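Letters are used for the chains, namely A, B, C, D, E and F, taken in the order the chains are written, and counting of residues starts over at 1 for each.
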Amino acid sequence: MAKIITFGEIMLRLAPQGYLRFFQNDVLEATFGGGEANVAVSLANFGLDVAFVTKLPKNDIGQAAVNQLRYFGVDTAKITRGGERVGIYYLEKGASQRASKVIYDRAYSAISMAKSEDFNWDEIFSGVEWFHFTGITPALGQNVADICLEACKKAKEKGITISCDLNFRKNLWSSEQAGKTMGTLMPYVDVCIANEEDAEKVFGIKASDTDISGGKLSHEGYKTVAKELKDRFGFKYVAITLRGSISASDNNWAAMLYDGSEYHFSKNYAVHIVDRVGGGDSFGAGLIYGLVSNMGACDTLEFAVAASCLKHSIEGDFNRVSVSEVKSLMDGDGSGRVQR
Amino acid sequence: MAKIITFGEIMLRLAPQGYLRFFQNDVLEATFGGGEANVAVSLANFGLDVAFVTKLPKNDIGQAAVNQLRYFGVDTAKITRGGERVGIYYLEKGASQRASKVIYDRAYSAISMAKSEDFNWDEIFSGVEWFHFTGITPALGQNVADICLEACKKAKEKGITISCDLNFRKNLWSSEQAGKTMGTLMPYVDVCIANEEDAEKVFGIKASDTDISGGKLSHEGYKTVAKELKDRFGFKYVAITLRGSISASDNNWAAMLYDGSEYHFSKNYAVHIVDRVGGGDSFGAGLIYGLVSNMGACDTLEFAVAASCLKHSIEGDFNRVSVSEVKSLMDGDGSGRVQR
Amino acid sequence: MAKIITFGEIMLRLAPQGYLRFFQNDVLEATFGGGEANVAVSLANFGLDVAFVTKLPKNDIGQAAVNQLRYFGVDTAKITRGGERVGIYYLEKGASQRASKVIYDRAYSAISMAKSEDFNWDEIFSGVEWFHFTGITPALGQNVADICLEACKKAKEKGITISCDLNFRKNLWSSEQAGKTMGTLMPYVDVCIANEEDAEKVFGIKASDTDISGGKLSHEGYKTVAKELKDRFGFKYVAITLRGSISASDNNWAAMLYDGSEYHFSKNYAVHIVDRVGGGDSFGAGLIYGLVSNMGACDTLEFAVAASCLKHSIEGDFNRVSVSEVKSLMDGDGSGRVQR
Amino acid sequence: MAKIITFGEIMLRLAPQGYLRFFQNDVLEATFGGGEANVAVSLANFGLDVAFVTKLPKNDIGQAAVNQLRYFGVDTAKITRGGERVGIYYLEKGASQRASKVIYDRAYSAISMAKSEDFNWDEIFSGVEWFHFTGITPALGQNVADICLEACKKAKEKGITISCDLNFRKNLWSSEQAGKTMGTLMPYVDVCIANEEDAEKVFGIKASDTDISGGKLSHEGYKTVAKELKDRFGFKYVAITLRGSISASDNNWAAMLYDGSEYHFSKNYAVHIVDRVGGGDSFGAGLIYGLVSNMGACDTLEFAVAASCLKHSIEGDFNRVSVSEVKSLMDGDGSGRVQR
Amino acid sequence: MAKIITFGEIMLRLAPQGYLRFFQNDVLEATFGGGEANVAVSLANFGLDVAFVTKLPKNDIGQAAVNQLRYFGVDTAKITRGGERVGIYYLEKGASQRASKVIYDRAYSAISMAKSEDFNWDEIFSGVEWFHFTGITPALGQNVADICLEACKKAKEKGITISCDLNFRKNLWSSEQAGKTMGTLMPYVDVCIANEEDAEKVFGIKASDTDISGGKLSHEGYKTVAKELKDRFGFKYVAITLRGSISASDNNWAAMLYDGSEYHFSKNYAVHIVDRVGGGDSFGAGLIYGLVSNMGACDTLEFAVAASCLKHSIEGDFNRVSVSEVKSLMDGDGSGRVQR
Amino acid sequence: MAKIITFGEIMLRLAPQGYLRFFQNDVLEATFGGGEANVAVSLANFGLDVAFVTKLPKNDIGQAAVNQLRYFGVDTAKITRGGERVGIYYLEKGASQRASKVIYDRAYSAISMAKSEDFNWDEIFSGVEWFHFTGITPALGQNVADICLEACKKAKEKGITISCDLNFRKNLWSSEQAGKTMGTLMPYVDVCIANEEDAEKVFGIKASDTDISGGKLSHEGYKTVAKELKDRFGFKYVAITLRGSISASDNNWAAMLYDGSEYHFSKNYAVHIVDRVGGGDSFGAGLIYGLVSNMGACDTLEFAVAASCLKHSIEGDFNRVSVSEVKSLMDGDGSGRVQR
């Protein structure tokens, strides 16, 4: 089994209950999540040995984040404690034609204010085989982008496989900033994960013949995107998730994996959404699990898509599913029959 | 910006949580709503200057209704305080083949027992441009119907535009009573709003070739209904909402607007329902907003339908959406993609 | 009106709220249910005079189960009090591709440890016209299977009609055990109810040309199953529910009834699921109601299917619907329009 | 054991959660209660055979009230179904110096509009030994007062013991009205129950040397009140509860029973209040239980006070305690030690 | 009646339910509060015409804060919209020996980053009679302290009465900083409000013979504090609240008012605490109400103490009580008897 | 810092919300707890390195128990997975004169059915300094008592300090059984913890002059109990908690520690109870912390009492407090003043 590190921010997620609008009543569901933490939890649920690296304040909110990660068996010993606040994101769940809404209150969080000396990557990477981060982490600030670069260099030096989910967030930085910063990190990355918009938003690589808001997906277009990403940065694998948004309640969900020679397209799932936040992260975790477990490209892709398909049926950022549950769906049982 | 008055009843809405049947557990969601109050709140959310007129008792329940309206910025200064009780409606939300169920406990409410002298329409209408009421208000009793008539006369005298949503309620009066009373009020009305059943139930005007329970909508049939309504009462605008009920969970939703010369049909929305109560009211508010804002008939219709489409995704009677949210849907983004 | 007895286990049902996974938060919805109790409650809601027979401990949990049954007007006077524990089942509601999950903690329950002398069937059956049990009851243990046999013999002796829902549960016994035990009970049974899998799992009678997980239903296949069941055991009626599982959120639902001469197939309902547990039991109750009320085979079937269609929209094991609500759906109003 | 009838109103009780003020959030706890229903439930919990008589509408709210009573084993077969509405009372729980607040919305309820022909007392009283009502019932209207009088006459005729809790409610009638109406009913009553204010408010009989708001209780004063009540109306027993209100959170609770010869004073309980509504009713039920069970005056009083002491620790109107729990407290174990 | 302005910060208050520790479950109660907003709401509940001045971002969280204030009738038209975030405070309610805990996450809030040009005091103070702020406002930053000073100068210029609650917060600034900044503002202040610690913490003025943690209060000590405050800054009134902390569940609560000639000591209340946050603010509001209403020093003090006594029984920061409720307690009815 | 092992059962704790009686509504709070698990969590919260040893089934309920322990940082790697069920205890919280009520449904749990080979004590105790169990563990069955004895022998062999809380449970075994079994284990124990009843119930050692239900505590009596325990079994320390039960809402709480030479009596705390379950366990954990940290007998005792005093203010079995919070109370700040 592999030892895996993910690095990024874990935030307090504050969401009204059910389909209520923000502050429609006076209760907020308070859970934790964030791209890289979500991947860590998912991998822990798959039984892998994974540690999450971040910076969290020494108060009860920071401790609650640590405890949540420990709950799933994620190693939290490498988390730096200090700083002022835990970042927050407010989430309002959409339904039908009404989109979900995210309001970030993550500026000045401990990790976004972190300094190079907060992390000793040589120690952190001791005995590690895989390092994962997403485009959100460097978007937190130039200081964090610099830390990412240090981590990538050290990981490469140690022969650690590096995966990165582009995860473009328009509220954190512009396409121009993203392209420039991500461009310096990509050369270290082995496995690149993107959704149907990221490649264009970050690197200006556009899938031809694809109308995202209309939910039409062109296989050919995605192939050219994957190829161009690989050609530009030398990735071993390029994985792209293909979300067909029918409405906030119903999506189609599939993905492709380009292994440098072949383009694998997964089966498509028509998902009735419970909570789609973290869907991409659960795909990334499935992909890492498949690759680490040497499942082969095709099965890896199907595992990753099935894992993330299930995520859409689960409340919260974290994908609370086991390997056997994913394999059961991957093997074709999506009928939802009660097991008893 | 226009100063608008809506007049009617605001009730305490008592609903079991989620899809529970009445009293399946011992908690009721207690919010407020009612046709004309819903229109007022919606208009306030659109940024218009609107006041709601009614009568509410001087107790904590009446005050809570006032406070809820103030929360949205609705002017409550013209509400008469007095009387014995706040009307109640019990709502059980349906799902799939099980219809939603409403039990009225609104008899003897303060507004239903109101007297002519409770309202000084001359003062209420000072500086006002638009007056809106629905067929529910006169259905509360002959006394309230009389007050409606006084209000209409005074409004007309002052050159105020009057809109009315027919809103037939079989539990409040018979078709015969409705037809007679509404017939005396309609001559004062400029903008008539109806759903696919109202015209028939109130005035016996039937859409040809239309099977409502089967969800089939005939454009031609609705044209003849609108034309006949206009011809009979001299309305400037006739708007008809077209609900295609697939089940309690899924509806088609569209509308038409007849401006005296052209019949405009809106796009159709396939809505996955969160809460459909107040759907018609949110359409009426959208229509008023569009007309007051001089959007033109076509855009007014699309704005009203988009606004009410969104209402179906929102819990409670009130349509908690902004103009920009409505316009975004109206401009085509119904994919429900997360905004972050 | 008929006096009816159902016999089996009522359990504490512990379920996370909404679509949460087990223990995702620290609250469990605690209600009661179980195949035969569900039938009893449904019949009581239909206005019939019904008693539920079981054994429950003399503690607050046993009493709560009794109280719940009394709430619906089920006669609980024939319940034996004693034993150690109330059986529990943990239920996690599925959504989309994620199936619902049941964990049984019902071993050592009072009824599963019951002895022959706990029930005086002669007294219990005094004045009774109908006796119902399901395949779950004898699966609780040989002791309970023996009690079932005693009950069947006594019922037959008294000319009471006996119905049995095969209700195979793989977590309680093997197909082999089930086939052997059920084989000794079936000769006493007049009305046999099964779902699309039971006949095969219990008696090895397989519907030809049917792919259950794919949701394809072959009418011809079901006819042969019903015929073979009748031929083997001499049932007067064989009813089979036909569930087409699209996902945990959406199912098709229909049934057939074989009255020894004709095969009646009901209309099909596309159900958007709120809670499907107890769906089969609600069908059984509908069937008993129809037969007891002499509705005729065709109406009985449509009544039973409509009743169980509605059950899928109701939280909890119990089918909280009235005869008039079922008849309204049976007569074609499945549009879910609000009644007010 | 005796067959007992209580007669009065059962209302929907709507209360904010915990110590919230009215409508401080949008949830109301929806339970049922009312003086005479509370007595019935309490007696059923004591294992007695008791029926509640009232009139309730044939809708889901009326049915929920019936179901709640059945839950406890109260016989509901004698309830007349009809009328328009279930009465409501809004309850806001007080704390510390802030008093609990009750808003009645009970006018026009089915029972308050009932007619003489709604109740066949001859049939209702068949086989009955005890009849209980309170001063609230005749306060609902002259029609209900008349029905009470009919019931009392018929009960007397049949040799049934009659108990009445004076239960003065200033929001229902004036002292003058109460005195007049109650004066006509009292001659039929055998057991009179009152709190420290009732005798004065209804009959102008004032306890000397007693400052109620200050919580000072004078034994001598109460003796004279009891004696005067007995002398005036010929009661066999007069019971008076003695509440010492320290605050909305803490009360002293005791009672006296005058059996025509001796004045028995109970022990005093210092109660930390969970919910004091229904405290008097639980005393009445305890008193009836003691008298019916021939406990003797002294034990009857202690049983009644202990039962009502426990009620103060229980949410809702109903006293959910068993005879053994009451006896345990009565026998001195008020230390609240965990039993495990 | 007077027109009143309060100026400061309104925060999102995030609190676990009941007595749970932070993040003990995954729900937070999300309400709004803050010293000066609390005073504004309290005054609005007393029927006064009051506006709250602050800066709030143009997002759904800022809007929710505005809506909450409007709910109570507070004028929000003078609030500047802009900036990045709404400040947050996390509150864990204590019990018995466990103290309540506050974690501030209010840095970088819109008001704390506000600039002088955000507020046009000349306009804001048009027609105003009273201006209130607390020591928290200038503690938000030198920029806000400067704005306070501008406001004070303008208010003085216009002859507006100024009140200030010292409200020292050790997590916002040091005693040294507080003393220096507050020292420049105090000369403009007419009415100074403090708790038993503030005078010492801010100005080094210590009550002799007083052991706060032990809950012992020396009247003489407080007199000297009040006198010294008046002598140093020329206040017209000095009010000091006297909290005797027995535990987190039980406090004694009283106050004194020095009007420059006499020292008035209020009655003492033994309060069983529901929520003590905002207790001081509710006292301040009561004091302002009394002075504005010309109640006289003695009644003003008793009104303010009674108002704040009631606040301790109410959940949330806001004091949801009316003038009549305060007067009822002030006039001696603290027995908590149910009103019905 | 020491490495500590606790051994016993962790159960699912099902409790109605607030002060509701069992099944008064349909929600149960579902948390985990049990004597030895509570001690482990408390020690982890104090920052010690602690592992909990038990047997838990390989299902979602067993996993949830593991996850809960991991949440607090308790090492769960030594837990054996297998068996059929997680034990349950139903808890109804008492108030005022109504005692809390526990119903055990723990028979047949995985740990109660465990076998000797399920635990390799040689491995478990590797590097361990302290071993803790309670009298509940051997009470689960002779098999578990035997495992306890093996553990004790192995621990002694390895020079590990052993502590035992007598924790008599009358629902698990008789005094006679307890005395016999515990008598064989005590010779291995170094630190004996008991409450005011245990010594008598288990070993027949009675505190003279003590009336437990009356809440009277005699220092002399406890001294003789401690001395006799030490003399009989050779304990190094005997600690006895002294609970004075005023009611289910209010207790006095103190303890004594006998170190073989001196009898130390702690200060007494008057606690207003939030949740008293686990109070004894939190004392045991405090005692172990003090002894492991070499605090000295007096401070150890005061730390243990302060820790368990705080536990009474915390919901759930687990004592969620830090060392600094305990020391703050121990140092005298029990006034409950808000910290901000």
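The working rule: a residue touches a chain if its C-beta (ideal position, glycine included) is under 8 Å from a C-beta of that chain, and two chains touch if they have at least 3 such contacts.
Quick caveat, the model's predicted, so the values are computed rather than measured.
Visitor: Any chance you could name the chains that touch subunit D and subunit F both?
Guide: A, B, C, E
Visitor: Greatest Cα-centroid separation from subunit C: which chain?
Guide: The chain lying farthest from subunit C is E.
Visitor: Same or different, please, for the subunit B to subunit C contact, judged on whether over half of the interface numbers appear on both copies.
Guide: Counting which numbers both chains contribute, under half are shared, so the two copies meet through different residues.
Visitor: How much rotation, in degrees rounded to the nearest 5, is required to superimpose subunit A onto subunit B on the basis of Cα coordinates?
Guide: 120
Visitor: More C-beta contacts across B-D or across D-E?
Guide: Looking at B-D and D-E side by side, D-E shows more C-beta contacts.
Visitor: Using mean CA coordinates as chain centres, what's the gap between subunit C and subunit E in Å?
Guide: 62
Visitor: Where the centres are mean C-alpha positions, what is the separation of subunit A from subunit C, in Å?
Guide: So the centroids are 44 Å from each other.
Visitor: Note the residues in subunit D that touch 2 or more other chains, in rising order.
Guide: 18, 21, 26-27, 67, 101
Visitor: What residues on subunit A touch subunit E, complex-wise?
Guide: Per the stated touch rule, the residues are 14, 21-23, 26-31, 59-61, 64, 67, 84-86, 88, 90, 92, 101, 103, 105, 107-108.
Visitor: Where on subunit E is subunit D touching in the complex?
Guide: 18, 269-274, 309-310, 312-316, 320-321, 325, 329, 332-340
Visitor: Going by the contact rule at the top, pick out the subunit A residues touching subunit F in the complex.
Guide: Its residues touching subunit F are 67-68, 70-73.
Visitor: Taking the complex as given, what residues does subunit F use to touch subunit D?
Guide: Contacts found on subunit F: 18-21, 24, 89, 94-102, 104, 169-171, 213-215, 245-250, 276-277.
Visitor: Please give the residue numbers of subunit D that touch subunit A in the complex, ascending.
Guide: Listed in rising order, the residues of subunit D that touch subunit A are 25-27.
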